[in-house]
Structure formats: structure tokens, C-alpha cells
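Order of writing sets the labels: A, B, C, D and E. Residues in every chain begin at 1.
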């Protein structure tokens, strides 16, 4: 589980809540307004519905889950597995990898090993695997883009709601007592939009980008590894090459 | 029909409408002001008229229709058709494709097959087809750019209208009762500009970009397919290569 | 003449004028303030004077004229002329083009044909012609950049003028009657800056960019055509290659 | 120690402090509000917690220390050391460098010399060293990006705090005396956000970028130097090549 | 001397001054506030001190002087000199250029000719000269970047100053007479920030960019010229090649 995402959300929400509760003359009720919430959240979702294909919208909940429970494979473990496969292929022939297929969790590695075992041409293996990487990268980009788009439209609909509230208030100025509360309600949509954008959508988009980049690195290592195995390279050279992708602390350089 | 575009528009419009109707002391009439609409919509169109050539403006209605009724060809069906043509060409010779020309709906595929049947040189086929792709991409870019430009000028003319309303109101402050309604009217143009930009133009531009990208992918597959057919490649290899462009779920990898 | 530029300007100006005239309690006089105009227009010009070399500023009027009376050569006619020259060169030798030089209007085409007739080396022809294209592109970029810069500084000086007006007004609050009109005058510079930027400078910059791109396309076709003529290529192949630069409707593909 | 960072911070803080103290009717107490500080600083940190992985956040204090006590190696001294190593390798053979390893402070230079002494293949040396450079550059980019992200969210949470303050104030307008101080407190979060962003985070990010670029230059020189030593190049040619990376004043061109 | 810079500054300053003096009820004294100036100018300088290394800040005055008294060498004269050197080298041998070295003003040309006379290898000449160009370009980029950074922080500290002024004013609302002047003083920092940014820093940065680009063009011509001389090229071909860098009006094409 991604502790930072959860802690960040809790910290941000707690800070805003507490500062409302300790302020003199304030109450939580003054900050809850259902129609305002509908205009901001619903409006931003409506704009994203127009901007994005339907399928992308349906993936939003699962994309959001990834922020809390990421399932990016570990680069170091993947490299170790690839090197051990290279050793097996060198010692017992590439067909011996068929027995190892059951051990493989990652479907991307599985696909690559299967093609190598089947004797598929190296160029075609690379084309198929890179095509898959590009497809995953495009899907990640849509997920990140949707969060950014929500984060862009939420403040815009916050402003639209405030303008609507101000127009209503300014058209009913007979009762001077109602002016203050009217403006307060009008400002709530702008507040909702700013919070939705700056505490949820935009940081979510940033972290999705971070996970996507890390997953692409692992997949890049897999492609290089499978091709190296298929060509029968020395496992030691493969290890040295792939370990340059690791941070120095995690590296074990066989000098 | 693109459900997401229609649902998004209806949802957004309904939310704004309902939140106006349920607000105490509000009425729909307070939000309707024809001159304000003319300044915002007309001003944004005038600015686009200056910024873009006349032909591009005339295409706007047909561009907008595409958001609801997209006609981008399906990548999967196109690949299947290209593979079946490759099989015919391998079995019966490339001239046998002449009988298939009537089946082809997509004029871009038709043009490619016709050139291949006519024995046109491969390099020239590629130059003509890529020239066509670039021309279509440029046309799409103009359509998307026009929507973005409308979405940029609409809030600007909204602000211009509000400034004009404020200047009029501030010059007539003899009647304190008129100040509130005067400011309310002044703010309507800013509201119109924000809605036009954030519920219509900018999401429209995003979706046009999405459709354009998908159409370019299909056309790229067609170019690769026609060239492969013209060179007499193995239909199986063609299928494997093109299927890397499909999302994994839609793929049928002949191992 | 570019109808769209003229119609856009008239439409935008008419809309703003009419909405001022029909507003109750408003008069055109309330929107005319010469010092405000001087601060916005003069300030933006002063900033551009610092930002750009003197020569670029002097070209502004002629750049503005191009928006109404563009003189970009037609791509289709240019291609037809190049193909006819290629036919002459093929039939009667490249020296026969000397008699055609008087027909040529476009000095860029003239320069190219002259060099080809003079037997200049192909590489040098390309270097000279591309150098000329780059020089023209750089000049266009300065013209477009100047319009964008004016469009960026005009709202900034509008805001400076409004701040100055507010400071004056706030320092003289003895007469409450003068507060409203004082603020009205203060807001006029912001209004002027927004109109200058959004109805004039920024759309002008967009259209200059459009014309520049179209002219570069024509010049690119000329370079390819002249080099093809100099190398004695087949006029039919030249026609096919250049016609891929045309929109499909204008193309006549000799299969 | 980086004098400019320290002087800039002191100067900026002193200016703001003094201008508060000398203003008539002002007191420092009016600018201190702990809950406001918590909303701005805590909110920005919470958003960064969501946006960034946990490890990056933990490195923030050490990243901040680097702004005051940078430890980027000197380009000139590094080049001199590399040239002296090239002379030793030329005169006494590359194995003679083993005795020099103890002199080397910079672990990056040490790693390179060690690999060269071990007779590692030149291509592998380059791959390992460039992999290390990329890893450091990525780590620097995360540090800089975190500062920029803090600098982007601080004003956003400043605005959120001000909106919350305004909503509370507008809901309690019974006591007109409290309106002014209420708004004053509401504005404090915006002030805190602007100061945190413009006096701390954004300038910090700029300087981190500057140090990163300088360190990358030094490391680039090391890679070129080690490869040159490994290939047994002439030390004079190496010196001439590397000295083109120095500013002219620091160069000693052996003509 | 760069007339446009001086005229632009005078025009902008005069416009603002006159519009203050002719406004009814206004006086220059209302716009002068020393602490406000210290917050804006000092704050922007402090932020730049943190963002940039100390050396860059010390170069600011000399960078500003360049805006009024630019010393970029003339492209046309430089090309003429290089061609005349090529003629000498062709006629009397490259060593004959040694006598010409005293004529050369530009140290960059001098360095190139000296290396050519010394018989330095062509590749090394190019590496040294391009290294020097990159170093100068990097120095220019720092100068331009510093002006842009000042232009970005000045309005930010203007806003910080205004927020501070508003907070002080809102905390002292006992005397209604003081509210207006209090807000006027608070707005002065925003005005100062806007003027410093839009009349000074940002246009300065634009013009520095323009001069840098022109100087790089001249140096590029010098590199090509020196290499051509070192290889003993025909002076006529060198002239034709370099003259493609000149605007057409300045060119004398030897057909």
C-alpha cells in the first residue's frame, strides 16, 4: 500500500477540518452545501465526459485504487529473474525455460519468455513487446490526463458556481442581512473546486505519472532481457547492463 | 453515436439549470440576457474570424457534428480487411484485388489498393498516402485549434462585457437600488464566457484531438498494410505486425 | 482581400458598440477616455520598442496590411508552372527556360530558374534557396512575435492604468459622489487593454502565423521543383510528388 | 557555503519584516497566525505527499541543506586530475593508476578509474557511467520538482485558507466591527502562500536546477576523460578537448 | 547605441508620468512610497539572489548596459573579412594570415585565425570554437534568464506588499477616513511590480534574447569561414555559402 498517498490525504483533510473547527464563530455546517458540491464535482465530470471517450471514464475508479494499492513490479527482482533465466537458457538451452513459465507472475515477462521458447524471430519479439509497452503507456497517459482534466475543470466550475451565486445574491439585495450569507454560499463552490483540484486531482495525476514511469522502466528492462536471452548472451554481461538501470545502492557490480 | 459527448453535455446543462432553479430567491430569467450572449458568443466568433481563414470557419458545424456522430473507421476491422487482401494477393496475384475494390468503403483504403493494382511504384504509393495523411492531420488540427481558440476568446469577451457593464453601472450610481442588479447583469457575460469555454469549446477540442489520433492510427495501419501487400509479404507476418497496434484484449496472436 | 479579417473586425467592433448603445443609462462618451488610450496603446508600443529592434517596429504597418491584403502565392498555380517548366526543360534543354523568365512573377521562382539556367551546382542552389526560406521565415516570425508581444503588454498596461486610477480615486474619497465615476474611469484602461489584445493583436498574430505557414509550403514546393528540373527528372513524376502537397480536392492524380 | 542563498533569504526576510514594523498602525502580531501557517505549509506538504513517493519527501531536508552548502565538484580541478591520470597511464601503463585510487575523493571518478584499471571493456564502462549519470540526474530532477510542486501548491492552499476565512466572516456579519479583522485574518493565508512560494520554494528550485546542471557537466567531463585514458589517448589532446568546457578565463590553451 | 531601447523607456515613462499629472485630483506624491519600492525591488532581487549564483548577479549592471550600447559584431563586415582572409590564404598560403592578425578586432576571429595559422587540426579547431560558442550562449542565457526571473518575482512581491498593506488597513478600521488612503498605499506595491516587470525586466529579456541570437549567427559564420580557410576552399564558394546567411537586400550574389 502507498502510505504517502493515504497520509497526504488524511493530513490535508485533517488540517482543513481542524482549522474550520477551531476558528471562532465557525461551524462545519457553514461549509456543507450539497448543490455546490453537485455543480463542482458534476460539472467537472460532465466536462471530462465530453472530453474523453466513455471507456476511459469507466476506468477512473480502478485508476484511483492504483494510487493506494500500486502493483508496479519491482525492478530489482525482475532483473534478478531475467538473469536467472539467462543462466538456465545458457546451461540447458532456451527450451528449458518452458518449465520456468509457471513461476512467472508478470504476464508481460510470460509473453516474452513464451515467444522466445517458441523460437519466434527476435525482431518480431521486439515489435510485439514494444507495441505492448506503447499500448500500456498510452493507457496510463489517458488515466493521468483524465485526472489533470478533472483538476483543470473543477476550479472552472467552482468559478461558474460562484458567479451564479453572486448573480442571484445581487438580484435580491432588498434584505441587507442576507448579503453576507449569500456571498458565503457563493464562495463555497470556488472553495470546493480549489480543494478538489489541489488536494485530489492534480496530486493524483502527478503520482500516476510517477508510477507509469517506473513501470515503463521495468518493462524496458524486460524487453532488453528477453532479447538478450533469445540471442544467447552471457548472463554476466546482461546483469551488468541491466544493473545500470538500478540506483547505485541496489547495485552489486561484479567488477 | 458518441454517448459520452451527449451525456456529458446533458449532465452539465442539467446540473447548472437545476442549481439555478432550486436556489432560494432565484429565477431562470435572472440568467438570460441576450446582449450579453451576443457579446460573448459573437465576440469569440469575431476573434476566430480574424485568427482563422474563412474556409475553416465554414467547416465548424460539420466539425461539431463529428463530436456526436464520429465516423472514424475501426482499427480491428481494417486490419482484418488488409490481411484478407494480402491473402488474396498472395494466392491469386495482386491484380485479383481489382474485384475486391467494390467492397471497400474507406476511400483511403480504396486509393491505396487501386495504386497497388495499377502497379504504381512502392515509394510513390507511400509518398502519396503519407501526403494524404498529413493533409488530413493538418485539417484535423485546424478544427481542434478553432475550438481551442473559441475556448480562449470566450472568457476574454466575457471579461470585456463585465468591464463594460461595471463602467456603465459605476457611472450611474444615483440610484443605490440599481447597483446590485447592475452588477448582476455585468457578471452574466463572465458566466457565459466560462460556460461556453469549459462546458463546450475546450472539452470539444479535447475529444476532437482524441478522434484525430485514433483515425491517424488506422491510416498508419492502412499504409503499412498496402505496402506489405504491394511487396508480396506473408499475410501471417503482416497480421502479427499490425496486431501489435491493437489493445491486448482485441489481439489474436498466432503463436 | 482577406474577407474573414475584415468581417471579423467589423463584427467584433459592431457588437461592442451596439451593446454599449442599447444598455440603459449608458452612453458612448462614458467609454471614451483619451489618456487611458494613450497609457494602454502607448505603453504596449513602448514595451515592444524596448523588446524589439527598431527595424521590426517600422515594418508593423506593412505587416498589418498583409492581414487584409495577403499576397501569398497559390500552391496549385505554382506547381502547374513548375511542371510546365520541367516539360520545357526536358523537351528543349534547360537553357530554353531563359525565355520563360519574363513570365515569372514570384522573385523566389525567378531566382531559382535563373540559377538552374546558369548551370549553378545543385547543392549550391539548394543552400541559397533554403537560406532565403529561412530568412523569410525568421522575418515572418518577428512580425508574428511583435503582434503577440503587443497582445501581451496591452492588458498589462491596462492593469497599470487601472491601478493608477484606483490609487488616485482612493486618495480623494472626500466626495462620495465621485467614487463611482472614478472607478469607472479607472476600469477603462483594463477594458482597452483587453479589447486591444483579444480583438486585434492576438487574432492578428494567429492569422500571420497561418499565412506564413502557407507561404513556406509554396516555397518548399518551389525548391523541390527547381532541383528536380535541374536534375532533368521526368515532369510526370515531379507532378505526382508535388501534388501530394495539395488538398485531395485540388489534386488530379495521373494514375 | 553559498553566500547568495543565505544573503537572498536574509535580505528578503529583513525587507518584509522592516516594512511591517515601520508601517504606521501596524504590529508584527497582526501577521502571525498559527492555524493559517498550518493550512498553507501543511496543505502544500500534504499535496506533495500525495504527488511524490515517500522516499522523495524524506530527502527534502538534505536537499534544502545543499542550497546552503553545495558540494558540487570543481570542473577545473577535475579536468586537471584527469589529465594527470592520463599522463601517468601513458608513461607507466594503465595499471599504475591503481596507486592513485586513494587520492581520489569523488566516488564517481573512483568507479571509472577502477573499471579502467580492471580492464573493463570501454563500451561497458561508458554504459555503467552514463547509467549512473542518468540516475543522479533523475534524483536531482525529483528534488527540484518537489520544490516546484511545493511552490505551486502553497499559493493554492493560501487561496483555500482565504476562501474559508471569507466564508466564516461572511456568515457572521452581525458585528460590523469584526468584519475588518476577519478579512485581515483571511488574507494572511494568501500572504503566507505567496511568501512561501516566491521567497523559498521557487527560488530554491531554480538554484537546485543550476547546481544539477553544473554537476552534470563535471560528470560528463569525467566520462570523456576516463574513456580517453582507457583508450590511451595523448594527454595533451585530452586537455585541449576538455578545456573547451571551461569558461575562457579559466582556460590555458596550449597552442 | 540602441535608439529603440532608449526611446521605448522614455516613451513609457513619459506616458505614465503625464497621465498621473493631468488626472484631476492627482499628484505625483501620491505615487511615491519608498518602503513599497524597497519591498518590490528588494524582494525581487532577493529572490533572484537565491535562484542564481552570485557571479550572475554581479554581471547584471553590465548586462543592462548592453541593452543601450550593444556591441554585437556586424554579420556583413565579418563575412567580408573572412572572404578576404580566404583570398590571402589561397594566394600566399595560410601562414600569410599571421600578418593580418593585428587587423582583427574580434577576439573570437583572432583565436580561430591563430589556430589555423598554427596548423591546428580542423576537428580540434571546430571543437574549441564550438565550445566557446556554447559557453557564450550559456552566459547570455543566464543574463536573459535573470531578467525574466526579476520580471516574474517583481509582480509577486508587489502582490505580497499589497496583501501586507491590506492586512494592516483591515486591522485598523476605527478611522473610516483612513481606509481609502490605506488601500491606495497598499496598491502602490502592485503598481510598482507591474511597471518593473512590464516596462523594464520582460522587454529587457526579450531584447537580450534578440542580441544573443544575432551574435550566435555571426559566430557561426566565423566557424564556417575559419574551417573553410583551413581546408583551402575557393574564396568564391565560401562567399556564396556565407551570403545565404544575410538578408537578401544585403547580398551580392555572384551568379
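By our rule, a residue touches a chain if its C-beta (ideal position, glycine included) is under 8 Å from a C-beta of that chain, and two chains touch if they have at least 3 such contacts.
Quick caveat: nothing in here was measured; it's all calculated off a predicted structure.
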**Fill in**
Given over half shared residue numbers means same and under half means different, the subunit D/subunit E interface is different
**Complete:** If CA atoms of subunit A are superposed on subunit D, the rotation in degrees (nearest 5) amounts to 70
**Request:** Could you give the separation in Å between the centres of subunit B and subunit C, each centre being the mean of its C-alpha atoms?
**Result:** 26
**Inter-centroid spacing, subunit E versus subunit B (mean Cα positions, whole Å)** = 42
**Asked** By residue number and range, which residues of subunit E touch two or more other chains?
**Response** none
**Asked** Among line, ring, star, complete and other, which best matches the way these chains touch?
**Response** ring
**Complete:** In ring order, starting from subunit B and passing to subunit C next, we get B, C, E, D, A
**Prompt:** Which subunit E residues qualify as touching subunit D in the complex?
**Reply:** 35, 38-39, 42-43, 45-54, 57, 114-115, 118, 120, 124, 127-128, 130-132, 135, 139, 149, 153, 156-157, 159-161, 163-168, 170-173
**Complete:** So, in the complex, the side of subunit A touching subunit D is made of residues 2-5, 7-9, 11-12, 15-16, 18-20, 22-23, 25-26, 30-31, 67, 177, 179-181, 183-184, 187-188, 190-191, 194-195, 197-199, 202-204, 206-207, 210, 237, 240-241, 244-248, 253, 255
